[in-house]
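Consider the two complexes below, in which chain A is the common component and chain B and chain C are the respective partners.
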Partner chain A sequence: MEWSKEQMDEKEQLQKVKDTARPTVGILILTTGTVLLMFSLALSISLGAADIDFNTVWGTIFHFNPNSVDHQIIWELRIPRVIGAAIVGSCFAVSGALMQGMTRNPLADSGLLGLNAGAAFMLALCFAFFPGLSYSYVIVFSFLGAALGAGIVYGVGSLSENGLTPIRLVLAGAAVSALLGALSEGIALYFEIGQDLAFWYAGGVSGTTWGQLKVVTPWLCIALLGAIALSRSITILSLGEEVAIGLGERMGRVKLLSAVIILVLAGAAVSVVGAVSFVGLIVPHLARRLVGHDYRWIIPASAMLGALLVVLADLTARIINPPYETPIGALIALLGVPFFLYLARKGGGNV
Partner chain B sequence: MDALEVNKISVGYSNDLIIKDLSVSMPKHKITTIVGPNGCGKSTLLKTIVRVLQAKEGAVFLEGKAIHTLDTKEVAKRMAVLPQTAQAPSGLTVFELVSYGRFPHRKRMGRLSKHDYEYIHWALDVTGLNDLRDQPANALSGGQRQRVWIAMALAQGTDILVLDEPTTYLDLAHQLDILLLLQRLNKEEGRTIIMVLHDLNHASRFSDYMIAMRDGAIVTEGIPNEVMTCDYLRRVFQIDAELISCPHSANPVCLSYQLCEHSAGCKVR
Partner chain C sequence: MTNKQWKTTSQLKKERQVKLTALLLFILISVCFFISLNTGHIRLSPQETLITLFGQGTEQQSLILFDFRLPRMVIAILVGMGLAVSGAVLQGIVRNPLAEPGIIGINAGAGLAVMLFISFFATVSDAPVFVMPIIAFIGAGGAALIIYILSYKRHEGISPIRLVLTGIAIAAGIDALMIVLTLRLDPENYQFLATWIAGSIWGSNWKFVLALLPWLLVFLPFIYSKSSVLNILTLGDETAIGLGAHMEKERRILLILAVIVAAACVSVSGGIGFVGLIAPHLTRGLVGDKHEYIIPISAMVGGLLLLVADTLGRWMMQPSEIPAGIIVAVIGAPYFLYLLAKTKD
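Let's turn to the complex of A and B:
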């Protein structure tokens, strides 16, 4: 360490500037994103099959009048669905970011790796055998379903001789999703619950209720805080397993905790919106472009961008062909599929 | 005392052990190189030492204490590792990557301290990466990239450095460049260096201590003069080598060689 004192000071000052540069970018993006998100939330609440002006929206929130139809629409339908969209977007995006960082798989997404299909399958079972089960239990089934889907995909994937590659996992995910989807449809036909389930396949937040939000929000908050607490370890894991071990990362603990958080996030999101793919794929890549490689920034940025994406997708879904609603799963797939092909063409690349 | 002591380890799957009942020690403040043919278990041995693989039986001792009983972060403060296939995530700059070397020393959410910066700057300086610090690491050439990973391991500030084939995929000049850097770290700062090398001549020229393996067992170990003999090279690599004395280190190096069955026998010039 032969630095003269002056040299050291100079270098340190330079570094301090550089060190603050990225966080500044991060904070800027998070702030801008939050403002944009607020704006699109407001827009999304006021636009829809029944156009309601901004003052009425404002009035609903601060001077709720139960006799006004507009107020009723906003309070009982619009606001829950918009908040639901934001929550679901954050859940999918953060679970995708964690999966991509932990496994160094740029194609990781809860939809592509069978978690969503597993959760939807479990929900179908739930509707068939325990109709009328309270939502706080339904969501637990959804978590278990996500675990089931992930378990089968990893099991099938690791049967292949040359080990798990990103593309192979996605193939296993597609096969398992197709199987679980078919089984869910079979159950739906046999038990005549197709009506209840149809909207879960297509993906939509229109059915979101305050009751659901009350159950989902605490789960989301805990999982998000957990994800942020783990973010530094995820960054280290993203350097590769052997490097992470060399740096003294506690692998078992970090992987287990991340897996639990991923399953909770994906399960919670599916129980609200259905098996929507690609949010968890697109958003983390975008977040990395914006805030760099540090997961301490990627995770909050993903939460914010995911919310923004799904809120905007939901808004588009409502205004594209009124009064009918286009499934948001389909809308997001319009963005997601080309993006997936682009990533797959890069040979998986690296995260 | 030895830096690392491997005590009767068996590694592998239960019915297919790659290493069986192997014991060896690596001396402190020396350069130790493990050599052997493909599939001889040298990487397995190294991976067990750095706790990527777990021994079925036996244990690895770090300065007298069984490594798996120590806190993994504490181990990371004493032993840094450069894996064979390290690949940086895209977009990460050299400085950022090297700064992760400070991970075991940092508190949970803490930022880099002045002390951390000193180590990072020193690591960048020693490896000659100062000018490249803001470049994305995966856009560099193979030799530079290897330097970045070495710099990260150096920033960890450990006495022991473990490297798995640090010169693979590099051209001749860059191979030498990396080895000279490791030699300097050993000579000037007394760091213990343990590595796997494929190139026998490099191993002989730069090592204080050599370990030759075949079929998951140690054939011989000792100073290069003891290991680099016609007899052992035949037993370890099944080659008949012509050995001469290296003009740079005076250790034996292999001038040329034949496969055993074709040759007339071994020559020492």
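Let's turn to the complex of A and C:
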């Protein structure tokens, strides 16, 4: 096939991204990440209000004994919780990576752009009007909420004459989060469900059950596979619209699919853990620093690093001030805010 | 300079328009004041209210009016005035319609300071109320200073949008820090803090009126006397620089004044945002760009706004109350979005 000069340039850009990608680092992250994750999961299961040694943890998993209190604590409370933390971390991180790549916005994060607040608002409505709704429906409301938040933020952003600048989107996200947060609080006060909802504002995985995991996991798997399938197109989109058009990428379809995946990931994560910000901001930047700009590596690496981050945050949350649990949303924000300021000051950096 | 002594007809017309607006606002505030007096868990009919106001009511009626409702409403009006003026000053000096004491982290800083302060006392009622505005000011000033430094870039100075962005991030960070710290508080202090953050006007007590009033009485007239400086600053940096380096000093003084006033207000009302955003804007639409008019009128608009929000919060779902901060956010956030869509830089 004959390539015109422009197409050659675009080809070269893409090739450059591929050449600068570091697959060895990527594979290293995935392998050592798996080992580290296993180790942190085990550590996280055995530490807690009642310390349980590794042997018992091992025993619970392979020879479950329903009569042992330790085994029951591990099986019913600790294991769902740590798996939940890992899943939520992956969801937030991958949704952040997709948003940053697709919109070429280095400040994109489901928390900053109003998706989390939207999902939390819908959950508040759910608890108010349909108490006792089964979790498989609740999660769908959570997706819709994320779509609502994102829709308002992007709508307002695109109404403006200068279009969707990253900073404008963050400002719109802050205002939409303030609005939806205030409405949720109002609903909580009116229906007296503040107790149920407080947990969602602060962010915590302590309430995760096997039932929730069974509902969330299929969504997560489909969305993650979808994200990996789209990763090549995301790399092209991250080079800019001109390049993408030049390379014959069908942008409309890719953007729509990515948007659906982002909403599913963010919605699912919020329905488990609550509105936790900054995971989707920090992790993709870190992954990009490590593996280069090829999204075929950024997405799996983000999933791994995100899981590690939230599992470790949850572990810290439990041991920092026992017997109380510090909300992990707050802990991650303490990391995320300086990072955000650094990015905003630098003017974003590369996506 | 004869034309300076003789006011042109358009100036006269403008002044008449401003006076009319002020009168209208005064009437509105009075009406809302009267409605608000009647609103609450225990209903008082208008006649009963009037009778009680003139000292002829039953003991229970005067208790409700004088010890619960009146101080709270007075605080709502005062806080609204203070926040609105603070917002007007901030918008004037950074020349950006999005600047507002709540958005740029003053509320969060004051909240953190108040929280650290009350955690030294066994219960909230032990804490000396008159010190609170000063404590809140230290926190708010600290937050404002950090935000100012972080959004300063060499050669570029302070970009308004970076200022707002940094403010949002710092506010998020301080909120997170507060959540982590609240776990160490005992339940009573925790409850107090939770309502404080939500922005319910909790200090429904004459003590708090007395704690707030001196600050406003001193600083609002002072800010008003700086109107002409604000007018010059609003014209743009180039003009201001042309007028000498002393404008930079004036800008800092005004920033400190705005922080003081907002901090004093927030220390008794809790985290109420958006009043300082909405009120000066509406005012500009009503009376134009002169700060001699903007400052007094936006004070009235702010007072009216917060009085209405507080009354609505008490009325909407009795017997429980919605904090005024929530009501204001529901009105204010869409307004912020509207402004964001309209601004260009």
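Going forward, the second predicted complex is superposed on the first by the 329 of 351 C-alpha atoms of A that agree within 3 Å, B and C clash if a C-alpha of one lies under 4 Å from a C-alpha of the other, contacts with A are read in each partner's own complex, and residues count from 1 in each chain.
Assume a residue touches a chain if its C-beta (ideal position, glycine included) is under 8 Å from a C-beta of that chain, and two chains touch if they have at least 3 such contacts.
Predicted, not measured: the structure shown is a model, and the values here were computed from it.
Colleague: Answer with first, second, both or neither: which of chain B and chain C does A:I222 touch in the superposed model?
Modeller: Touch status of A:I222: no partner.
Colleague: For A:V35, select first, second, both or neither according to whether it touches chain B, chain C, the two together, or no partner.
Modeller: In the superposed model, A:V35 contacts neither chain B nor chain C.
Colleague: Is A:V156 touching the first partner chain B, the second partner chain C, both, or neither of them?
Modeller: second
Colleague: Counting residues of chain A touched by each partner, does chain B or chain C come out ahead?
Modeller: C
Colleague: Pick one for A:L256: touches chain B only (first), chain C only (second), both, or neither.
Modeller: After superposing on A, A:L256 lies clear of both chain B and chain C.
Colleague: With both complexes superposed on chain A, which partner does A:I245 reach: first (chain B), second (chain C), both or neither?
Modeller: In the superposition, A:I245 touches chain B alone.
Colleague: Of the two partner chains, chain B (first) and chain C (second), which one does A:A182 touch, if any: first, second, both, or neither?
Modeller: Touch partner of A:A182: chain C, not chain B.
Colleague: Going by the contact rule set out at the top, does A:N321 touch chain B (first), chain C (second), both, or neither?
Modeller: Only chain C is touched by A:N321; chain B is not.
Colleague: Can you pull the chain A residues that chain B and chain C both touch?
Modeller: none
Colleague: So in the complex, which bits of chain A are touching chain C?
Modeller: 152, 156-157, 159-162, 167-168, 170-172, 174-176, 178-179, 181-183, 185-186, 189-190, 192, 202, 277, 320-321, 324, 326-327, 329-331, 333-334, 336-338, 340-341, 344-345
Colleague: Which of the residues in chain C end up touching chain A in this complex?
Modeller: So the residues of chain C in touch with chain A come to 98, 103, 150, 153, 161-162, 164-166, 168-170, 172-173, 175-177, 179-180, 183-184, 198, 273, 317, 320-323, 325-326, 329-330, 332-334, 336-337, 340-345.
Colleague: Along chain A, where are the residues that touch chain B in the complex?
Modeller: 1, 3, 8, 11-12, 15, 18-19, 104, 232, 235-236, 238-243, 245-250, 288, 292-294, 349-351
Colleague: Touching residues of chain B toward chain A in the complex: what are they?
Modeller: 47, 50-52, 72-77, 79-83, 85-92, 95-97, 100-101, 103-104, 108-109, 111-112, 114, 117-118, 121-122, 134, 138, 152-153, 156, 162
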